[in-house]
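Once you scroll down, you'll see the structures, which are given as structure tokens.
Next come two complexes, and both contain subunit A; in the first it sits with subunit B, in the second with subunit C.
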Partner chain A sequence: MDLRGLFPILRHGAFYRLVRPLVCLYVRKDRNPPFRLWVDFLCRLLGRAYGKEGRTIWVNAFFPVEIVYAMGACPFIPEIHASLVAYFNLSRRPIELGGVSLSTDICSFFRCAMGLLEDGILPKPDIVLSSSHLCDGAAKFFSEIAKLVGVRHAFLGVPIVRVRGVKERFARQLRDLTFEVAESLGLTFQEKMLSAVLEKARIAWRLIREINVLRRTRPAPFPGSEGLSYVAGMNFYAMGSDEGVRFFAALREYVHKRVQRKRGYLKHERWRVLWLHHIRPYYPNPIFSFLGRHGVSVPFEEANYLYWPEPDPTSPFLSIAEKLLSNPWYSPLADRIEIVKKMAADYGVHGAIHFSHWGCRQTSSGAMLVGEALREMGIRFLVLPGDGCDPDNFSAGQTLTRLCAFVESLGAE
Partner chain B sequence: MADLRKLEEVEYVGWCCTYLPLELIEAFGLVPYRLLPEEESPEGASLLDPNLCPYVRSLVGYIERRRDLKGIVLLNSCDGMRRLFDLISLFLRVPCFLLDVPRGQGPAEIIYFRECLEQLVLWLEGISGRRLEEEALLTAIAEANETRALLKVHMETGARPSFIFRLMRDSFAMGREAFNERLRRLPFEERREKGKISILLTGSLLEKGCLVELIEDLGVHVEALDLCTGPRFAERVEVGDDPLLSLSRAYLTKPACARMVCDLRESYLERSVASVQGVIYYAPKFCDPYLYSLLSLRRLCKKEGVPLLVLEGDYSGRLTGGMRTRVEAFVERWI
Partner chain C sequence: MAFAGIDVGSLATKAVIFDGQRVVSYAVRRTGADSLNAAIACFKEALSLSGLDESRIERVVATGYGRLRVPFAQREVTEITCHGRGASFLFPMTRTVIDIGGQDSKIITLDGKGRVLDFVMNDKCAAGTGRFLEVMAQALELNLEEFAEQAFKARRPLPINSMCTVFAESEIISLLAEGARKEDIVWGLHLSIARRILGMARRLAIEDEITFTGGVAKNKGMIRALKAVLGRPLNVPEEPQITGALGAAILASL
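Moving on to the complex of A and B:
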């Protein structure tokens, strides 16, 4: 399906304001309140961004959106929108278009985002902010597209090493960057505004902590496939917003009810498997239905691991600095291995699937090493090569063959 | 000059990235040895993702086979190097240090890098069993400044870029003193008349000089070698009260590699591209910082009306027939 004919409509903020109640009504039938809130959030966000209601700031997935909300601006994460486009099975054309400018060896999410940009479908930013985690792309892609769009790129280099005084210095850098960006955009910013945002982030954090504990229940009450889509999406996008608080409160309620009724999301759960990496293939694919048919649940996913300490609104910049410095995927792999082992134990998994997304070198190159650590715990491990955004780089046959063998190995225990 | 690899009493510390201040290693009486394996190793292919820089994959087996390394200093220059550090730390029995190098060049980054260098000093003290003496560090800095000055003189007096490239490669396996002595004794090449056509050779790791030699043999002058294995070194370290801070400042503000997010590289490329007739880009496959940077390089070349040739290598050191043909075809437009 070619959306180019719809571009003029899709680029209009009013379109999203119009469809929001209709889409929310439509998804009500699924009786999944958190999902409805996600859809509602997206429509509001896109309505704001395309409708030019205030400043729009492009950020990468791990950039602290709390800062954007505190400035009263609207965050926009190109990678998430690439995954949305893939979700609707519409990523082929933008990936092809993006592949003219960017090498096909590069992550397809970035190529898709580039293609969407070149098609003029993305809302124009007022500034681009990016941080150095998790990968070279986070630094370089955003630097390059800022030049393409003709706006400023402000970069936040996150230290990878905890040297003396690093947290305090980094917090000062964050503070200076925030004030400077706000001033350049003509926005009013005061530290107390960030404190207010962090108060909401703290509420959301506590809810996530509860949700993550609830998800340890057997049978698994909530599917990892959904954790990897809209839950991770809200995690990236909505920290510090009212919508984020509402979403995680609804999710907590939803999961809690299922736990109380002892309802797993699978009729019959035989095995439990941890999903490693932040993404999954977002276009239609048979992976999770295959696992489900064979009684293999995905009770949890690495993407939603709560790696940062509880936000502290009394010291907002220090708190955000601590969050960024705590990122285990931007640390020596030993840190990631520790949290993976912890998740494996907490969620009582029998196996783990590492989705190695094409072009994602920082994660995929650690896969074998993570696998070695899990094997020592007696946990079966599968590296599943694939592509999160490009359906043309996905082989259902090969993938299912690997999954079949993996499921058999679980049964062989 | 004796190849130090053959001397048993020499203690080597392996390194990969030119943002590492080698003076720190030398101040401990250790010899920096740039890790440039001859070929890809099968060990790397099995332990790391196959879609990873071939240079990084080559290093795995190479490091495993080297028994003469006291330690290795890797830098957080790219995702591949970070993962190589992880693999060495977790699986190979070689002491390894990961030095974080910021992507910016501002005051906060310089201070942070200085703190990281302090951590490196502690690690070097641990593996060498010696303390850092300020005198030794100042001497190392002075000797390194001499190297840079001598190389610069050779470059400015018209030495062929392929010659400079070979000199740089030789320096990676030689002690500083021996290399400086060699530079002092080296006769200056006669200033050659530049060909009518000049090109910029830009990229990351060019493992051997055959590409540079080919370009020169075709009668084209390589105006600048903007490569990780080329003369992309700090101008000079001006020592102040804090030698570590001086090193941090000098190395962070040296000619920037594409992994940096700064205006310095942008302005260097603008100046360079404006002064040449063509640009050849070379990087090993999957070199992400350079792959992304191609976007603005292409735009710049288009703006200046300068043709661009993009070459990707496999870290085999060979100039394939296909690559040779493409370079010849690229140059033919001016013949």
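Moving on to the complex of A and C:
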């Protein structure tokens, strides 16, 4: 299917304002309240970005969106939109198109986003901000985007070495970047605006902490497949926004009710597995339905692990610096392994699936050592190689054989 | 009472009749385009060789890529679990299984009871599989038996750099055009595959004893190459191709 016929409509902010109530009404039928809030959030965001209601800033998935909200601008995370396109099984054409201007060696999420931009589907940025964490291909992709659109690309180098004073120096770098970007876009920015945003991020953070504790319950109250899609999407997109607070409050409420009613998302939960890596295949695929059919729940996923300390509105830049520096995927592997072991113990899993998206070399390369640590705990481990965005890099037969053997080994235990 | 295991692989379908203690009979035939018919025909052939009536078969377990298309099977189990069971039955001290079949290769580690502890499989491509060897043999105008024998006549192995089936074939054609000896090419090919298997095996903690199963284990050149690369002895079943079907039959008997 080709999106081009829909282009003229998709590029109008008014379209999203009109469809938002209709879509929300539609999803009310069979989905949960947090999902509706996610759809509502996306419609508002796209309405703002296409409707040119203020500045649109393209950022990578791990860039602190709190800064963008504090400037009163609209963040736009292309990787998330690539995954949405994949969700609707429409990613083949943009990936092919993006592979012309970007090396085919670059992650399929980036190539998909590049193709969407070249096709004129994505809203144009006023500036592009990207950080060195996490994805290897991000710097190349975002600089190409900036060149293509003819806007500036500001790059945030996140220190990887944890020496004394690095947090303070990095916080100063963040402050300089924020003031300078705000000025270049003609936006007003004051530190107290960031403090206000961090206050919202703090509320969301506390809600996420509660949700994550609730998700330890047996049977698993909330599916990992959804944790890896819109929950992770809101984690990336909405920290520091009103919508983020509303979303996580609704999710907390939803999970809490299910826990109270002892309702698992599977009818019969036989085994629990942890999903490692922050993505999953987003195009239609049989992975989670297969697991569900065999009584294997995914109670939690690495993507939603709250790795950073509670946001502190009184020292906003320091607090954001700390968040970025705490990222376990941008730290020595030993840090990530400790966190994975903790998650495995907290969520009482029997096994773990490491989805090794081939484009995420920085995360996939650690899979073997993560597996060793889990095996020492008596936890079964499966590396599932694949691609999160490109359905042509997915072999259902191969994947299901691996999954099936993994489930059999859980049973043997 | 007897039990049956049917392994519907990409190239060959295997059936084993098992009485709970030993293999009563077995049959092997090409899968072809119709895996259902291959499974039925193979099962009937094994039954006929066993001299048993179908009513004597208490349970059937299917395995292999076509396992979901065996309507007379009561259960489907992956070939990974089945090869583990089969290898462990034939060589009880087996802790690592190297299985090279028609379309994939696997390394499986087992506990003392033949249960799968861990496994790795090759990626989507055919490199290092039975199909790869078939295509290479065709390129060299040899049948599979001749192909395996050539590996023992080599003077020096010629390395084949590409493991892509198509590119490796053109590499072979180029080597032949340059006057390279077939024997040296064949041995080089076997060593390349064995090194690829070793690369996979290193991702797991491989332990002795190692048992080599699957259709490719019938190739003596491959056994020699694997022993050379691993630097360890290998158990090879008398009929390695039926190990998965045997494992399925054993699971049917449990």
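In this section, the second predicted complex is superposed on the first by the 412 of 413 C-alpha atoms of A that agree within 3 Å, B and C clash if a C-alpha of one lies under 4 Å from a C-alpha of the other, contacts with A are read in each partner's own complex, and residues count from 1 in each chain.
By definition in this document, a contact is a pair of C-beta atoms (placed from the backbone, for glycine too) under 8 Å apart; a residue touches a chain by one contact, two chains touch by 3 or more.
Just so you know, these numbers come straight off a predicted model, no measurement behind them.
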* Asked: Touching A:32 in the superposition: subunit B (first), subunit C (second), both, neither?
  -> neither
* Which partner does A:148 reach: the first (subunit B), the second (subunit C), both, or neither? -> first
* To do: Quick one: name whichever of subunit B and subunit C touches more residues of subunit A.
  => B
* First (subunit B), second (subunit C), both or neither touched by A:315 -> neither
* To do: Look at A:404 in the shared chain and tell me whether it touches subunit B only, subunit C only, both, or neither; answer first, second, both or neither.
  => second
* Asked: Who does A:102 touch here: subunit B (first), subunit C (second), both, or neither?
  -> first
* subunit B versus subunit C as contact partner of A:368, first or second or both or neither -> both
* Contact residues common to both interfaces of subunit A (with subunit B and with subunit C) -> 368
* Structure fact -> Given the complex, residues on subunit A that touch subunit C span 368, 375, 380-381, 383, 385, 395, 397-398, 401-402, 404-405, 408-409, 412-413
* Across the complex, what residues on subunit A touch subunit B? -> 101-103, 105-106, 132, 135-137, 139-141, 143-144, 147-148, 153, 155, 157, 159-161, 163-166, 169, 172-173, 332-334, 337, 356, 358-359, 361-362, 364-369, 372
* Asked: Where on subunit C does subunit A make contact in their complex?
  -> 65, 77-81, 104, 115-121, 123-124, 203
* Taking the complex as given, what residues does subunit B use to touch subunit A? -> 46-49, 51-53, 76, 78-80, 82-83, 85-87, 89-91, 98, 100, 102-104, 108-109, 111-112, 115-116, 118-119, 258-259, 261, 285-286, 288-289, 291-296, 298-299
